[in-house]
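First, the structure itself, so that you have it in front of you.
Per-chain numbering from 1; labels A, B, C and D assigned in written order.
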Amino acid sequence: MPYLTGGVTATWVDHLRALADAGADAIEVGLPFSDPTLDGVTIQEATDAALARGATVRGILGDITGFTDDVPLVASTYYNLVVRDGPERFCAALRDAGISGLIVPDLPLDEAGEAADAAASVGVDLVLLASPATPQPRLAEIARRSRGFVYAVSLMGTTGERATVAESAATLASRIKGSTDRPVLVGFGISTPQQAVEAARSADGVIVGAAIMRRVLDGATPDDVGADLAKMRRALDQERDQP
Amino acid sequence: MPYLTGGVTATWVDHLRALADAGADAIEVGLPFSDPTLDGVTIQEATDAALARGATVRGILGDITGFTDDVPLVASTYYNLVVRDGPERFCAALRDAGISGLIVPDLPLDEAGEAADAAASVGVDLVLLASPATPQPRLAEIARRSRGFVYAVSLMGTTGERATVAESAATLASRIKGSTDRPVLVGFGISTPQQAVEAARSADGVIVGAAIMRRVLDGATPDDVGADLAKMRRALDQERDQP
Amino acid sequence: GRFGNYGGGYVPESLVAACRQVEEAFREAWPDPGFQQSLARLLAVQVGRPTPLTPVRRLSAELGINLLLKREDLTHTGSHKINNVLGQALLARRMGKTHLIAETGAGQHGVATATAAALLGLAATVFMGQRDIERQALNVYRMRMLGAEVVPVETGSRTLKDATSQAMRHWVGATEHSYYCVGSVIGPHPYPWMVRTFQRVIGDEARGQCAAELSTAVPDYVVACVGGGSNAAGTFAGFVDTSARLVGVEAEGGAGAALGRVGVLHGARSLFLQDGDGQIVEAHSIAAGLDYPGVGPEHAHLRDLGRARYVTVTDDEATSALVRLARTEGIVAALESAHAVAWVIRAAGAGELPPGATVMLTLSGRGDKDVSTLKELA
Amino acid sequence: GRFGNYGGGYVPESLVAACRQVEEAFREAWPDPGFQQSLARLLAVQVGRPTPLTPVRRLSAELGINLLLKREDLTHTGSHKINNVLGQALLARRMGKTHLIAETGAGQHGVATATAAALLGLAATVFMGQRDIERQALNVYRMRMLGAEVVPVETGSRTLKDATSQAMRHWVGATEHSYYCVGSVIGPHPYPWMVRTFQRVIGDEARGQCAAELSTAVPDYVVACVGGGSNAAGTFAGFVDTSARLVGVEAEGGAGAALGRVGVLHGARSLFLQDGDGQIVEAHSIAAGLDYPGVGPEHAHLRDLGRARYVTVTDDEATSALVRLARTEGIVAALESAHAVAWVIRAAGAGELPPGATVMLTLSGRGDKDVSTLKELA
């Protein structure tokens, strides 16, 4: 599942479409917030670029309304933007724009009740995150209450490209899979096809964010980005087809 | 009595001679000290100039040794220079250079014992100063213990030119004259022949320092300075000749 | 952890365990006589507590009131920040942590953290916005002289808000050995509660000193400046159960409590300055310590309850108050604290403070750090 | 007025009456319970006395001794100067004077005088060498903010020595309404004695605190830096009748007590740096407060008696000591005080201080004022 910051460029929807066409299972659309406390420099930069362009939640949702139905979209943002509208209005707006899931990195299990109820009531999946520091009983509870999939944060750190996949990624994914039948997607620090393959071994899928956004910020065209994702898709498919 | 800072210029002895020739009753020779706490800007400047030229007590005394005998010389300096050599050696050196008196503005009556004894033992007059703030019994004691003359400080302030002679000058001179038969000379702030005349009315003479040094610092020749003093001398003589 | 509808722990899952660990350590340490003794001794021999309560005679006479100042400006390092930092640093050491992480705006919390780290033999990493680094160069040097690493933050507005975000990001990757030493009553649970608990020494001391100084024992008004609001929270805690009226004074350009709307930032639900889209707005104040777009959750709650009032003061009013206090009492206050003084002057002039009213005001810090700012204005 | 062969009143006749008036007023005020109460209250509520005695654990462990710091850096305005100034300002008001005159070098005594003047409703005129005005621009602004007039002195070396001379010159013409508030244990009688009397609060407090803190009650060594020597004089006064060895630490370039010769300057016979002709030599120290070519007469006497030792420290040693104390204890000391710390470090390293020796050191002020000086060196 690739990640794209909503509104990062004037033609960001073309990038979105290219990612869909390149074989994304789903796409994470970032709704930019002024203070992205869990993001590393690349997604911070993408966020700043989007906000500088005047991107708003409403504008981004407008841009994607009517987007192709065959690739599910999952919104991700910080909780302040959810609170601003109120969780119910916010989730309803997501659903109206055709978004099926929501990731809120600064909303841990303990604070998620209100948002979970609001999301559920309009049929949006509130995805919860688990981290390598999450202890066992809590991990089970996160897995139980997460909807859509469980987001496995691969390492203790922020989003962003890394040279290698953290060992903690496989451990965490296995621990989550031991607690639930829900799909587990691994994110944070996965940049290359090889890293994706490695991370996917113990999980149901991977999330690639900063690596794509770095390319977009450096001026990559929708075709460029699509080609990158296609490469990763192929690597993952080959791995899966092996015995 | 004119004042001249010793060593202020290379040819300062010529100025000294010009002052003698212009009718000075006596001449006050300043021995420059680095921290002249009772002097105003003009004599500070003269002091700095002399020290910058490398003037020393020993050098100045050497310069004036053998100076004409008919005009008495009175040294003035701060007490640190007296202490440096020890009062006895210091006073002996003054006497050897032909200096007959000593004025030390930061040596009040209460601290003067040692210096007075040393001066007396070599026949140098230690001149004490009285000020408008000096109360009566103390004034009498100063008058009694001063030698040569009593120095009446005309005003509460430092040396330097003023527009008018302070009223306190006449009052103080009269008070001192009421206590002693010793001559009373008025100093501080006396710059012009008119001021000299005014100050001399209640005293036996006046001391003119900053006004002369201002001219010397501005480049006045010995003849210029002699002419200035001669004017003042004439004014004083005319006044005295009046009934 | 909750103050009415405010507070909570809105942190990434990666920090949940770390925050719990801090909470548990604090809950265990606080009632421990050994911890209390260590802290009390540091506050006495290092900080110089108790700080005096100073009756200001000349300004009081001019204003027709009775003004008393709680002198946090006389503490070691020059502001109330040290009270909290020493408590947290002792806690960090007790938890076996070897590093302190902190954010700083004007540099006072950074200097306090660097000081506590040096004193207890810990390392310190202080995040500071690049703009603040330029504005407060001398405090940066003070921190470095104390052995702290000062990390410039180049993101966003490059001020306190962004330094706080960056400190949190850093902590996510360093929870094993590092303790995040939050500088105000902000952040996720247990910080707002814990920081106020460490700062309530101000209010408790002042309460006792007022009882000795005033015939009424309790002042009519208790006033303190509010950025994040730690000196105010600590002060109010000592008087919340009395009849004293509590007044928090914010900078007009950083008035989270007076002008903010409900939101979530840096781990807590509270009041924040934000635009219609929910983006956090940059604060602007001449006082770097008030240059924060939100307020601690307890203040939001006290405002909702009506137990405390939050008012605003302009840069100009604060500057004038600083000069007036200096000229009448010989005290050069921090620009932050001068906001509280400015409100008292205005309120006394407007008759809002009745003649003879007794006012206890916490002077949160000294103004030496602000002299170059004021010099540029002059 | 006399300390053995030193002291006295070597002032122009015009100042004799003024000095007598100060002496009489002080002799009358000091035993007056009303004066004592006023002063004690100001020292408590304005200055923040008593100041703590801080055991420094980490540096002590490194040095193998037991070092205690008397924390004058925690006083209002940041140095011991305020103790003396408040005493003299109260005296001036009692004498009916409306103006304070002061000289200042680094600006600490000037700031203290401006502070006391503001507090008591007096005017203040502070003389400061033009070179010091340039070096200490922020303290100049602090004084002006407090309402004082700062007069640049353009004569001589344009530093403290010349500012002192100029203050005396000004006083000659202003004795009726003005009180000369001397900043150290220098000047004519009664100043060295009176200033030490006002400063002995440091030593008396420290004596009592040592008794509570040390099993031996009295420290083996009592150490303080010496410029004119007021913090040392006040400190030593509390211990002169004990077995403690007294050590005054001077700057190598301003070592009046260690290297000076007998002379008379600024009203007193004492020890001064001078050339063979008796001209006073300029002092040179990185610490502006030690940048004075002489020492108070009582120190000259204590040296002659052998009751106190006077040692010197270089600029580099002082700077290193400042950084080391900051890194180990979280205390940024004034460069002046760092000289005393530097000697302790050197003496402990050289075995001159025996292992386990107890050392009470007066930290005369805080180093905030020196940060820009140090920054330039770095």
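Just so it is clear, contacts are C-beta pairs under 8 Å (C-beta built on N, C-alpha and C of every residue); 3 or more make two chains touch, one makes a residue touch a chain.
Each chain and its UniProt protein: A, B = Tryptophan synthase alpha chain.
Being a predicted model, the structure only gives us computed values, none of them experimental.
Shared contact partners of subunit B and subunit C are D.
Fewest steps needed to get from subunit A to subunit D, stepping only to touching chains, is 2. Distance from subunit C peaks, on a Cα-centroid basis, for B. Rounded to whole angstrom units, the spacing between the C-alpha centres of subunit C and subunit D is 34.
Separating the centre of subunit A from that of subunit B, both taken as means of CA atoms, is a distance of 95 Å. Our note on geometry: subunit B versus subunit D, Cα centroid distance of 37 Å, whole angstroms. Within subunit B, no positions touching two or more other chains are listed.
Taken chain by chain, the contacts run in an open path, each chain touching the next and the two ends left apart. Of all possible chain pairs, the ones that touch are A-C, B-D, C-D. Note for the complex: subunit A touches subunit C at residues 33-41, 44, 48, 51, 56-58, 78-81, 83-85, 105-111, 128-135, 138, 142, 153, 155-158. Taken together, the subunit C residues at the contact with subunit D in this complex read 44-46, 48, 51-55, 58, 71, 73-76, 78, 114-119, 121, 137-138, 141-142, 145-147, 322-323, 326-332, 368, 371-372, 374-375, 378.
In the complex of the two chains, the subunit C residues touching subunit A come out as 8-14, 16-18, 155-156, 161-162, 165, 168-169, 172-173, 175, 261-267, 269, 272, 274, 277-280.
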